[in-house]
Amino acid sequence: MAGSVGLVRSTVVVFRVLLGQLRSPARLTGLGLLGVLSMVISWSVGSGADPSPVQHLDNATGVITLFTFTLVLPVIALIFGVGALGDARDDGTLVYLWVRPLNQISVVFGAWLAATVISLPLIVIPAALSALLLDAGSELVMATLVASALAVVAYSAVFVMLGILSRFAVVLGLVYVLLWEGVVASLGSIGAKMALRGYANSIVTSRTGVRTELANSAESTSIIIFAIVTVVALLLAAARLATLEVD
Amino acid sequence: MADSSLPPPPPPPAPPVGQPADHVPPPPSADSRIETPLVGVYGVTKAFGDVVAVSDVSFTVGPGITALLGPNGAGKSTLFRMLCGLAAPSQGTVQILGKDARRDTAVRGRIGLVPQQDALFDRLSAQAFVEVAAITHGLDRPRERAAEVLGVVDLDPGERKPVGAYSKGMRQRVKLAAALVNDPDVIIADEPLNGLDPVQRKRMIALFRELGESGKCVLVSSHVLDEVARLGSDILVIAQGRLAATGNFHDLRALMDDRPHRIHIATNDPRALGAELLRRAIADGVRVIEDGVEFDTTDIEAFGLAIAPVARELDVHLNGLVPLDDDLESVFRYLVER
Amino acid sequence: MSGDAQILDRGYRRFDGERSGVAGAVRSVSWHTTRGMLGLGRKFRFKIVPLLIILIGFLPAIGFAAFVIIASTFAGADLFADEIAPEYWELAPQSIPSIVLFIALMAPDAIVRDRRDGMVSLYLTTPLSRWSYIFSKFIAVVGVLAIVVLVPTLLFLIALTFASAGPDGFVDWIVVFIRTVGSGLAACLVYAAVSMAASSLTDRRSFATAIVILTFFGTLTTVGIMIDVGDASTTWQMLNPVVMPLELIARMFGGSGEFPEVGTANVYLANAGWLAASGGLLWWRYKDAGV
Amino acid sequence: MVFGTHRALDSLDVEVQPGVTGLVGANGAGKTTFMSIVLGLRAATEGSVTVLGKDPRRDGAELRSLVGFGAERNVFPDDMPASDFVKHLTEVRGVPRSEAKSRSSDALWLVGLGEERFRPLGTMSTGQRQRVKLAQAIAADPSLILLDEPTDGLDPAQRDEILALIRQVSTEFGIDIMLSSHLLEEVERVCDSVVAIDAGRLIAQGRLVDLVGDLSGVSVELVDGSDGLVAASAVVAALRSLGMDVEFDGERPRFEVDGPGPERVVDAVRDVVASEGAQLRRIEPRRRRLEDLFEAAT
């Protein structure tokens, strides 16, 4: 008879179901185009003539941190992060994961895994290829790989939480990415501390030596911060899910 | 047995006649405590802001099929959501098998829910969708169990087509399969037969009756009263968020003594039969109409027993006898109109 | 009892008048869409955005016209003859800001609302077919956009004529007038088509605006970066839907706008390309619309 | 009519009679396909279709101005008042503007919407919106109205009102209607003729009175409850001994009796029930229901 379902088993099944729902062709092509766009730009910047190698590395790092990390990464993570649980709550399929003898933590955990797993290829691959196309040295390529992968993990957790906290998660997410990280964060150091992008840029700075916007800590600190943000976001999401009124 | 932390539930009103007397009481399942009803709702109120969807409703439901009826917006769906723990009551307590599904996730494994909304995980096939339900219920052989229960609702487990491409009737049966996969003790179905074609409708009604007779508690909401009458005769009527009536609708009709029963009789000598029944005070009012006579009577039982002997005595043909307001449709109208 | 008392039958009346068929249907849907975009017949808050957009388009023209008329009555007509004689094809681009706002905020409303409200399938049960439905929407969007673009441009033209810096001679004036209206409309066709196609990708207005902005400005910035930083050739500007229609206006006047390097044939090709692509996308999005 | 690989309608030949016709039993694909063909939105793979004497594919536009339509989906422009909604659609169906204004107002009165017609559709109940759907369908004076599951989502009271309205549109306004439904009881109550489809195949078509109707003999029902069941078995046994043939499933206290001569059957039932002292609830002439048609076909 139905006992309580194991945490791992229920997380895996939630992950599989929600991943399937996120894989809608419209989202994949639309956000895939965003990645292609960043590669086109990187290709043109990479092939352009530059006065000096230092200036070229500066320009290349600029493209990665100002275009990929500012627009491509957060937008893709936002659409999939919010969509993971947000879609299920809005269209009424969340009920098939709720009226079940399983710990709701696994629903949040499964959703986060699904959002991360689908966002990673769409972000990290174009980012790495952009870095290659910019041909500004292998440090930038490695930095882009590490920074974007870790950032996706943290962003996805935050946006899964946002998807459960509010029905206007997409708008709130955009406000955070564009206004907070874009403007407020650069005004004061407290703001910078609160912007995830700052930690991604820090990893790039620590690996390429190029000063980037909002960069303020060593790579190891950034990794720890990403980890903490992820765990806290997931716990908040689980707490909210437990008190949620599901249609 | 009531959980101490919970406010002791007020003594539930006399549980509705779970089953008409003639139903063989369900086989006592291993852990059924006779005094705990399968579904208990005690003094429940639910408000969204200042809209009161359900106000101070109390009832209990035992094994068998019980139909939840009520006009649109009367609070049926809200009540169902509270029973499954999807929403918390503003006041009062809701218990399934003695536990609150909102806090005790284990009891959710013994509930089978057919939600009203049409949305499914559209990219999965029917087999995959029901398998997900089986796994999330912690069943050990999900694939076989899913295939088995899909067979029960006449769906082909081998069908690869995603459920997103299914017709409304087929999606409804997928939802039903997902609700039965864990062999639940309590089945809560919000308009489960919506969109089914006549053939499927008939089969699903038979399936629900079987589930009810096997001792499960089947709580069904529906707007199609003919369908409800075929499912069974126990009803719970909700109107404007208040409980209007519970019990067998024939008994409910009998309780409505301020509304005499109207019966139409087709016979070759309406006046003679009418006069005789009036004389014997079996009927209180008579209207002769072209093809027969309409009677009003307050004692439906006496009327039913006397009509045949009187007709035989007068040697008139009893070509037809049709109660005009004894069916569920009229009972429902009288209850909701008030 | 007067003989002419009568009880009239208030039952159902038949209609056997002339029905206006597809033409009438297209007319009423495009008029209905125009009213919707301008917020007419809707609560006041729906009128704010359209009013704002039209104001932004008209103010520079009205301001300029008033200045010229007043100045020329006092200081003599020929004062401005040489200083302020802009080329005629530079008049339309004055309303770029209102064009941008229009395609981002008003055009999506014409497409998205019907998809979200289930009106598309309802319209298909009237004499409208998928194509005549899209056509009626197209007329509405081009119509309103023309008001936003053409009317200010004509105001400029009239002001110039007052300041006797306009075309000399009546015939010449008519030629310039026809060219202005013709080229302006051509540009509106392209802007309308592209913004309608982009908004047809979603049922939500906010997403539609986002997609339209991405389509117009995503391509604008990408092409810009490729040319400025990546030294790509300027012909890549053909992929820029914001600039191409304006180049089209210039080329229809025989002049050239900001990007003379792009050959005239390429300009026409680019605009035709954008129109065809939008038409194709609209057909794909509506081909399965049905009951 | 092959729709993709799935045969939605299988060599269907159907003549729809005037009055109210019920399209019953078609599953999702079959019903939508049927309506799309009638409206000329989709071509049949083989075979020919004429609606109101016209070929839907060739003169679809003209045809669609003469056909009113009530879609199943309950999706509406929420911020538009019902009056504007009906007026607009009447105009789009070709009725001149001035005429459309008065006709749509009449239509809304006729479906029972008074002052509330000026409220936005989003604020109306499902029952009111179904009425608006009907008003929109009749306002342009169609010759035929297609209604796709008109009672879907309505509660019992709203159901009765809409079915009565549909009856009124046909009898009083003289407009032929074809409605799709899965509820045989409703079709029997409101339709004049029926087209029954199962999995794309035609099962039955024709006027309801010919397909369904009284059979010989009576169906008898005693009072519910276990003693009703006991009494029923006794009555059935007695009737059989009198040479009547009786159908009785033993689950519920109801049985069907037939035999030589209608009056002898009725009197036999009367006398046996009287002698057994059973409590009678219902005697009705035996009827063949639409349901039995479906039963026979599958």
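The letters A, B, C and D name the chains in turn, as written, and every chain counts its residues from 1.
Simple rule for what comes next: a contact is a pair of C-beta atoms (placed from the backbone, for glycine too) under 8 Å apart; a residue touches a chain by one contact, two chains touch by 3 or more.
All of these numbers come straight from a predicted model, not from anything done at the bench.
Common neighbours of chain A and chain B, by the contact definition above: there are none. Look at the CA centroids: the one farthest from the centroid of chain D belongs to A. Chain pair with the larger contact count among C-D and A-C is C-D, by C-beta pairs in contact.
Look at where the CA atoms of chain C average out and do the same for chain D: the two points lie 48 Å apart. Chain C has its Cα centroid 38 Å from the Cα centroid of chain A.
Chain D has its Cα centroid 24 Å from the Cα centroid of chain B.
Mean C-alpha position of chain B lies 58 Å from that of chain C.
Those residues of chain D in touch with two or more other chains do not exist in this structure. If touching chains are joined by edges, the resulting network of the protein chains shown is one closed cycle, each chain touching exactly two neighbours.
Chain pairs that touch one another, listed by label: A-B, A-C, B-D, C-D. The touching residues of chain C, when paired with chain A in their complex, are 201, 206, 218, 222, 225-226, 229-232. The part of chain D that touches chain B in the complex is made up of residues 24-29, 125-127, 152-159, 182-185, 198, 218, 223-229, 262-263, 266-267, 269-271, 273-274, 277-285, 290-291, 294-295, 298. Of all residues in chain C, only 11-22, 24-25, 28-29, 32, 41-43, 113, 116-119, 121-129, 132, 290-291 touch chain D in the complex they form. Of all residues in chain D, only 32, 35-36, 39, 41-42, 60-62, 64-65, 67, 69, 71, 73, 75-80, 84, 88-89, 91-97, 99, 103, 106, 110, 138, 140-141, 146, 148, 172-175 touch chain C in the complex they form. Those residues of chain A lying in contact with chain B across their complex are 1-6, 9-10, 13-14, 16-17, 20-21, 23, 91-93, 95-104, 245-247.
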